[in-house]
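There are structures below to look over.
Both complexes below contain chain A, partnered by chain B and then by chain C.
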Partner chain A sequence: MLVYTVRRVLGTIPVLILASVLTFVLIDVSGDPLSELRMQQPPPDPSVIELQEERLYLDRSMPERYWLWVTGIGGNGDIGLLQGEFGPSTQSNSYDIGAQIAERLGVTLRLVGAAMLLALGLAILAGVVSAMRQYSKIDYTLTFIGFLALSMPVFWFGGIMQQAGVTFNDLVGTQVFATIGDGLYQAQGEDLWGRITNAFAYMTLPTIVLMLTSFASWSRYQRTSMLEVLNSDYVRLARAKGLPNRVVVRRHALRTALIPLTTVVAVGIAGVVDGTVLTEQVFQWRGLGEFFVTAVNENDSYALMAWLLLSGVVVILANLVADILYGVLDPRIRYE
Partner chain B sequence: MSEKKAPVAPRSTDAESVGGAERTQLQMIVSRFARHRAAMVSLVALVVIVLFTFVGPFVWRWDHTVHLEIPPSVPPNADHPLGTTTAGHDVLGQLMRGTQQTLKVALTVSVLGTVVGSLWGATAGYYGGRVDALMMRVVDVFLIVPLLIMVAAIAGNARAGTTWYAVALIIAFFSWAQIARVVRGVVLSLREQDYVEAAKAAGASPGWIIVRHLLPNAAGPIIVAATLLIAVAILLEAGMSFLQFGIQPPDISLGQMISDARTAVSTRPWLFYPPGLMLLAICLTINFIGDGLRDALDPRQTMVRR
Partner chain C sequence: MHKRRKTLALAAAGTSAVMALSACGGGGGEPAEEEVTWVINSLPAAWGAISSAGGSVYVIQMLSGIVPYTGQYQPDATYEYNMDVLAEEPTLINDNLDEGPFQFSFTLAEDAVWNDGTPMTGEDLRVTMMMSASPSEGYCDTCDSRGTTGADMVESVEVDGKTATFTLKEGLANPEWRGMFDAHSVAGGFYPAHLAEENGWDVDDPAQLGEYYAWLHETRPEWSGGPYQIVDGDLENQVVKEPNPEWFGETEPGLDRIIMPYNTDEGTFIPAFQNGEIDGANPAQYSADIVTQLQDIQNATLEIGEGNIWEHVDINVENEWLSDVELRRAIFTAINRDEIANRNFGATYPEYELKNNHIFGSASEYFEDHISDTGQGSGDVEAAMQILEDAGYELEGDTLMLDGEQVGPFRLRSTDTVTRSNSLQLIQAQLAEIGVQTNIEMTDDLGAMTSEQDFDIVQFGWSGSQYFASSPEQFWHSESTSNFGGFADDEVDEHAEATATATSLDEAAEHANAAVEAVVPHAYVLPIMAEPNYFFASDRLANVEDNLQSSYRATYNIGEWDLAE
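And then the complex of A and B:
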């Protein structure tokens, strides 16, 4: 087990290197950070462009630039992942990519954490209920909801939820749900109760929106795996022993049926990352999603690379953890 | 499907063997699909939508562009059944064009992704060993990538999303991996079949075996996966357009319509709801059809109904 873990951890190193190369090449090839400047009318002085090229290291070749981006050796001290610097930004000289990401990380993690926990809880519940009442009305209803949620454009659903929040506020006469912003500014200086109500007001709607897709796919998987376990011999034996249904389901079936979910959740993180960008855009949160959209709009190559690499690392690590966890949870899995 | 007995070929159930009359495989597939009520309803609905988008523009008098004769910001009425925008577009005309662009992108992605993914997966599965390990490592990387982020980053950074086929190419580049994985899984079992050995003994080349023997017998799972890829591509395209990195104005897409309308959900709801409902309807029908096809073509997958 230990050997496997160490080998698996070491195995992610080439994947990480590959991810960094892919990220760098794709972004570097696909856009020109100075396209806006070059297109300006009247054309700017060539010296201005040259100065910017030098600042953004565009005067070097691509392999050189990649080496510089990773190590920072030979740069101006503002580049080099290994030194904790993400590179110069096109947005302004003072726009520090690393500081911006750090500042927005908390905002996004709050949303992602809440949505994933809620999605997981509801998905397990829905999957188990569906499996235990297979082909019943409630099973068909949950299946249809699953199909509906998988087919739903996240951002359109977000708009509907915003509208529903506004309508609800009008009905009640007070502002129960906030439909725009992340509310962190409003929470400053509040006491504990104030913070809780603030979080409820600002987070409820975006969390529901972000949760929807993950809930749909996870609950389907949970249903399948629960059905498989419920039809297995050892569950039949547990029932034959005369154990009460509650014990059979909780102690025997559910525990085993939860194991495949670790992999599914890890793979699903990529989808959550996608959903976060859309959800933040709809509710106008100043999180990593907004950072991403701004970076694309500004042709900010180094900011984009930093963002993509960060999300890549998160996804790769999640899959690594899931793999190792899988071995711990399921003793049938043996690694040579 | 060829006349060979394939392991993925559906076995006839008791109900089907009753009656004695021989039925072709196609007849069995059709009857099995027809039993899936949601899939049948979806198929009809999808045909209506396709007719609406591809025949509609020839019948309807307004297209998706601005016309001076169109009164701005009018709610639905007899002249403009879905109302008009503040700039003077006819929303029905926009909806037809937007849906058309969405479907063109999605179908192109599905075809490209299926061809590339099938060949990739079949090659990996057929050769096995080191080739397989290396090729599937690449697939793994593409499988865990956040798709929307990648396509949005590339299209936006390149300022390339002006035409529907550029959008389709970018989406296809990132979304073939799922098909590759499915096909590899099927081919791994198919390559042990006697007819593959017979073909090898007869001196067939690997390319011939893959294209003539393995892929046709993997047709069921491939068709299912290709159908589901259409739904994935539609949501990706819509997401890109919503972030304004997809198809650019003056052309129109459904995601762009939603993006334009989202600040006016309460004041001009006729701009916001139709494109979203259309997206939902298309994806829902395609997902149901995919489910029906899975029941009909790939019975192994439905041993435990999902």
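And then the complex of A and C:
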């Protein structure tokens, strides 16, 4: 297993290099980071533009810039992935892309973690219940909810949830749910109970929105997988041996049925992270999704490259974890 | 039975939890009695407003109540000096260039101090001017000021305590001299100089002044020269302001705390406002959808007015066909501005006004209508056809011909926004009525399209300002890099140059109006309308109003904000 893992990790290096080249070239050719400055009215002094070109290394050729971006050799100490520097930002001289990513990663992981846990728990529950009661009213209801959830645009559903939160607050006469912000500022100086209520207020609505798509697809996987297992010979044998239904489902069927879901969830992490782009925008969380939107709006090429590269790394790592987990969970699979 | 009881117990536990949280008031929190939450509509990129990155309305508004300034335009477009900060109105020492260089001075009030108790002096004005200048002026190696014109004119500054006297370079005049440190200036006011020395920087060393400039833009200001000071915050979430204990102004701040969260999604304004999470905002973009929703909300003030961004249609006069002024006049006459404005804004802002002067808004004292009488933008198809017939054009079926050859088709371009998309579709239909065929081509890179003259007819927006002296030169001067359609005319050049070098605003306005009058018959730029802006505020606030003449918008008088009785 260890050898396999090391081999897979080494195998990601060329993929990462290729991803870095593609990311850099695509962003680099997609536009001039200084276009807004050049369009400014009245036009800035040429020395101001030169200053910015020099700061953003736009006075160098594309291959030179790529080399700088990766190694940092020949730069001003603010660029070079190998040195932990993502490059200068067009947003301002003081905008540290690396520090921003580190800070926002925590915000996003908070949201993603909560959404994934909730989505996973509900998906397993819904999938198992649907499979156990195949073609019953509850199966049809859960199926309908699943397809509804899959078809709902995040920005729209986010707006609906915000309005629902406002309506609920009006009903109870106090602010139970907040509709904007991640609540971290508001939690400063609060005691434990204050932090819990704060987290509840700020996290509930965006978590529900973010988990919706994942819940929908994962519950369908879980239903299919569970049905397959429930109809398998060894489950029939367990039942024939007189084992109680609860034991058959929990010990024999569910464990096996969870294996495909595990890999789907591991790969799905990337999708959930991508889903934060809209969710964070709708609920005004300053996480990585919002970082991406700002980078696009500000034509911040190095910030965009950092985000895309990070997404690439997450996808590669998630696939790696999925492969490894598959081996761990399924005793029939052995890596050589 | 047992199962059902468990389900009920779970439901009861969930409800209890929610009710318990409700009893605790939740995390949203009710606003404190003297606390106001005012939205900044985007993320401010820096803590200083001088730089090109920091020079946005969001930074300016975030720094409202912090940066002192010498004056500003009021909502009714009249100018008022800030007599809290000034000892007397600024003095124009010499505006007769034959007698000597252009000279003026500012004297700050005796009791004007920064929040650390240090007196404000002329040195603050001198250092702000130096940081606003181009690196090529030699004051600062790395200052990337977003607007260098005024500062680059300065030859020398003499500081005498509270007074700073500015002398311009020989032969140069600045009609907008009084605005050098006002709310509309590049810095949005002026910055403290003494903090440079306290941090070990010599402001007369170009490298060290650059370091101070960077520090001002990178460091959350603990300094303040206004009624409030920033006590908490960052550039990603919000700033929190509380009254400046050293404030020397006549009006005491009326609030204990102002929280300014940054909110980039206008779609969230309504639920947040209804939920009591925000008390108001002055968004930069107009949204008919949000305005419609706001109109239905009780206990809220909603105002809509003419904003600073004005849309216009430009023609590439270097196009083979469009170089003919008669064809251009016919095109502008066939365009129906009222239909465009009505389609875009009529439903929520039926009081919209068409723009009839490229330089001055209708509220300006210098406004003169140069468009209405020409018929341009009227949508008068008959008049347009008459112009074409007189010039020898003929209509064959639906196609305009000249000497047996089809005129056009032309590339009609803009960026893909709802407003501009609507507008271009209407223009296309309107021009089709006079046989001019166009193909709509959208772009997401307005800068490249205009600078490369990659259009035949284009619609985009200019940002207007109360300070206009450089505008005619930018728009129409034959050597301007912003004169995208390639227009050139000696008379317009003369008036544009005279506007920029006038010695007073009145004189500059006279030349600016002359430039407009000269350019209109050439049918080069057709102004359509200024895009409206809206503002909303909770009725629990008092003394809060929008100021569309200022980048500070509603925060222009933040020191006077209070809660309603």
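The definition used in the following text is that the second predicted complex is superposed on the first by the 332 of 336 C-alpha atoms of A that agree within 3 Å, B and C clash if a C-alpha of one lies under 4 Å from a C-alpha of the other, contacts with A are read in each partner's own complex, and residues count from 1 in each chain.
The criterion applied here is as follows: a residue touches a chain if its C-beta (ideal position, glycine included) is under 8 Å from a C-beta of that chain, and two chains touch if they have at least 3 such contacts.
Just so it is clear, the structure is predicted and the values come from calculations on it, not from any experiment.
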* To do: Give one word, clash or fit, describing how chain B and chain C relate on chain A after superposing.
  => clash
* To do: Have a look at where A:Ser61 lands relative to chain B and chain C in the superposition and call it first, second, both or neither.
  => neither
* Please indicate which partner A:Ser311 is in contact with in the superposed arrangement: first for chain B, second for chain C, both, or neither. => first
* Answer with first, second, both or neither: which of chain B and chain C does A:Leu148 touch in the superposed model? => first
* First (chain B), second (chain C), both or neither: which does A:Pro43 touch? -> second
* Asked: Is A:Gln162 in contact with chain B, with chain C, with both, or with neither (first, second, both, neither)?
  -> both
* Looking at the overlay, does A:Gly31 come into contact with chain B only (first), chain C only (second), both, or neither? -> both
* Asked: Overlap of the chain B and chain C footprints on chain A, residue-wise?
  -> 31, 35, 155, 159, 162-163, 166, 281-282, 293
* In their shared complex, at which residues does chain C touch chain A? -> 18-19, 21-30, 43, 45-46, 51-54, 134-136, 142, 144-149, 152, 214, 217-218, 235-238, 261, 263-265, 267-268, 271-272, 274-278, 445-448, 450-451, 462-463, 470, 474, 481-482
* Across the complex, what residues on chain A touch chain B? -> 15, 18-19, 22, 26-27, 30-31, 35, 147-148, 150-156, 159-160, 162-163, 166, 220, 223-224, 227-228, 231, 267, 270-271, 273-274, 277-278, 281-282, 292-293, 296-297, 299, 301, 304, 308, 311-312, 315-316, 319
* Structure fact -> Given the complex, residues on chain A that touch chain C span 31-32, 35-45, 47-48, 51-52, 90-95, 100, 103, 155, 159, 162-163, 165-166, 169, 172, 174-181, 183-187, 193-194, 197-202, 281-284, 286, 290, 293-294, 298
* For chain B, which residues are in contact with chain A within the complex? -> 141, 143-150, 152-154, 156-160, 231, 235, 238-239, 242-243, 245, 255, 258-259, 262, 265-266, 272, 275-276, 279-280, 283-284, 286-288, 291, 304, 306
